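Chain nomenclature is as follows: A, B and C, assigned in order of appearance, with residue numbering initiated at 1 for each chain independently.
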Amino acid sequence: MNFAALTGRTFAIPALILLLILLADFADAQAVINEVTPDSASQITPAAPLFRFDRFNALAIMVIFSIVILIYTRWARAGRNLFIRKINGLDEVEEAVGRATEMGKPVLFIPGLQELDEIETIAGISILGRVARVTARYGTPLMVPVRYPMVLAAGQEVVEQAYIEAGNPDAYNKDIVRYVAGEQFAFTATVNGIMMRERPATNIYMGAFFAESLLLAETGNAAGSIQIAGTAQPAQLPFFVAACDYTLMGEELYAASAYLSREPLLLGGLKGQDWMKLLLIVLIVIGIVLISFGLGNWYVSLFTSV
Amino acid sequence: MKTTVPIIIAFCSGFIMIITFFLNPERGFIGRLEPEVLNWVTIVGGFTLLLGVVSIVRINYGAIKRKSENRGYKLATLIAVFAMAIPAMLPTGMSPLLGTQPGSIYDWLFNNLDAPMMSTMFAMLAFYIASAAFRAFRARNTEATLLLTTAVLVMLWRIPMGEIFLNSIHHSLPGMINTYVMSGANMAVQRGIIIGAALGAAAMSLRILLGIERTYMGK
Amino acid sequence: MILAYGLLIIAGIVLLYLAFKTGDRRYIYLAVAFYVIFPVLITLNLPAEISPEVRQLYEAVDSLPDSSVVLLTFDYYPSTLAETEPMSRAALHHLFRKNCRIFTMTTIPLGGPSIAERVTRELAGQYGKVYGVDYVNLGYKANYVAVLKGMGSSIESIYPADNTGTSLDKLPIMKDIRNYGDVDFIFAVSDNSIIDYWMSIVNAQYGIKIGTGVTAVMAPRYYAYLSSGQMTGMLGGMKGAADYEKLVGKPALAAKGMAAQSLVHLFIILSVIAGNLIFFIEKRSRRREGHR
């Protein structure tokens, strides 16, 4: 099933249904207004509009963003060559797994400490799939402690699929991904214990981390592991930079999935995102110039959030 | 079917949440859908707690049954799980020791075991940051030197002794650190990182919504 | 005392030297332990300047009319009690003194309601405040996005009862209080990113002034909100808590903790300097050997 067919059939029907519901809802709201009699009209306050026009700026940005992403995705699918700069941490993943294989030690992967509905965790699970493919190929033991049950379920699915695709399904074991503890420091204490007992050769931290970041990284360092970290939590980046060998900062984590797979669709999305950032930079510079000359009030009001 | 149905559900759920953001909740059925969907998320999340309990029991019980090394700690884990969960789930009417209110077993275990242990783990950060500072904070190049100097100045600025020392160098130095470092360079960098990460998250969300990104399903 | 602290500094240098020689980081841990325990035994009172963002928060709360309605959140885990509980305590002293009507709530299921209950009841007793009349603990409700948004239309729809199960419509404090429109100020004390949601959902959409207390690690992130005026003051870590205690006139845990924090900071600076000295000396000797 190619992407065009997928979008055509999969989304057209539910999108149409939702639009019909929206129209029916709008018509229903209009009918209520039309039912107001002259006697009751004086008692009724004007109805709020259905559409929130005060959020129009958010809608405009969202539409522009979506169009840009889709254009680049289409170009990528058409075979256009899209450059992506080197991300050292990601290039080292395969080397690091190779190191673990030579030493006969496991690889420890932590997909962050947030729930599956958080984008950083999804990025972490996405990278887990790629790492699992490499460990399956080399026959390296993999340990994935998780904090939430939904992350456990997704992680098990991803790792199993990776082992099947790598042609090593027998090496897959359900306990590769294990639920450890729901509480932050109970999780950290358990993982530290795993590090000191099992002495993994490679620790990979990809996702959302909080106060436990330095606890994990320093313990990993004491255990002699090579460490690659990636998080979009700005407060934790300094700790990972200090204690890990390679660190992916902010959106490099979100780019990792596209970077490792080199899939055109994912690369296209990444390029679209960069174009959007360029647009924001231009808008900021325009704002700086206008405000510096005292002409910026109307411009600032365009971006007021509600 | 196994791939298409989850993609349709993801698309519909995301599309509803986007639409409701732009609609007035006082008008129409769609506008009122958002809190309803958020409640559904909470309910589904509650059911998945069972997954975690099953996993933790299976792994630890399996290790005890196999008479593996450290099985004593595995047994302690299982006892701890059930010792807190069972009294907390039973109705308070049966005994004041049950439930989660002050004076219950759950509350006692939380205040006297859980909370001190959590505080202890967090306090270990102080030791680890000192060893990381000694081991890893090296002025290897210009950027690292700049980082170190800023870190030292900010650490001094945050403590009374440091403020006295900085004031002795120049009376406006603490104020300058606040203005130019914290409210200047730091704020600009934080904004840049927040914007970049937000764009990355938005792009990833769009990819999930459109079914381009399917790794969370194991595909 | 000067002799004692002088000896402490010498001990720190010796332990650093031992750590370098043996490669055993436990000497560093021992030094940090000394620097934390020592100020507990020998009190050191240090003068400190009040940070501008703390003063901004204090003045914002102080300028509230008496009997204002304030929402005080306990959005922190027990692990960060050392930094965040002094903030909550100082805030309660300030708000009780101004006879504000206080609603406490939490988005942290593990311990949040217990901490709120313990701290508010203890301090309410000191000011003779009555539960249900002067303050109420709303407790915890799951799905914080829904909670923050829902309170915009109706607090009772999210919290039909308080933490003890008493129906809110039976409490005198709820008279004339329906939603955010009736709240004058929000004082959010947190150790996690829930502050971003308070800003983007509550402040941005309802325009209520929000002052925050956050851990030291999180504080740099929120200077952006301070600068744009979205956040009305901020307490950053134990220093912020100590400053606020000083302004409120109730120096307590945070003020005592500043001595330990000061010594550990100085030790870390010493570790950084020592580590870099060793690095440069080794680099130089490697270069000399290379030339030979």
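For this structure, a couple of remarks:
The rule we apply is simple: a residue touches a chain if its C-beta (ideal position, glycine included) is under 8 Å from a C-beta of that chain, and two chains touch if they have at least 3 such contacts.
All values reported here derive from a predicted model rather than from experimental measurement.
Per-pair tallies of C-beta contacts place A-B first.
When each chain is reduced to the mean of its CA atoms, the one lying nearest the mean of all protein CA atoms is B. As a whole-number value, the distance joining the C-alpha centres of chain A and chain B reads 15 Å.
Centroids of chain A and chain C (each the mean of its C-alpha atoms) stand 29 Å apart.
For chain C, residues that reach two or more other chains under the stated contact definition are 25, 77, 79-80, 110, 220-221.
For chain A, the set of residues touching two or more other chains reads 183-185, 211, 234. Counting partner chains per residue, chain B has residues 41, 45, 114, 118, 121-122, 129, 131, 133, 135, 137, 190, 194 touching two or more of them. Contact residues of chain A toward chain B in the complex are 3, 6-7, 10-11, 14-15, 18, 21-22, 25-26, 28-29, 47-52, 55, 58-59, 62, 65-66, 69, 73, 115-117, 119-120, 122-123, 125-126, 129, 148-150, 152-154, 157-158, 160-161, 175, 178-186, 188-189, 197, 211-212, 214-215, 217-218, 221, 232, 234, 237, 239, 242-243, 249-251, 253-255, 257, 265-266, 269-270, 272-273, 276-277, 280. For chain C in complex with chain A, the residues that touch the partner chain are 25, 77, 79-80, 110, 191-193, 200, 204-205, 215, 217-218, 220-221.
Across the interface of their complex, chain C is touched by residues 25, 34-35, 38-39, 41-42, 45-46, 101-102, 107, 110-111, 114-115, 118-119, 121-123, 126-127, 129-131, 133-135, 137-139, 148, 151-152, 155-156, 158-164, 174, 178, 182-183, 186-187, 190-191, 194 of chain B.
The touching residues of chain B, when paired with chain A in their complex, are 4, 7-8, 11-12, 15-16, 18-19, 21-24, 26-31, 41, 45, 48-52, 55-56, 59, 70, 114, 117-118, 121-122, 124-125, 128-129, 131-133, 135-137, 190, 193-197, 199-208, 210-213, 215-219. Interface of chain A with chain C (complex): residues 183-185, 210-211, 222, 233-236, 305-306.
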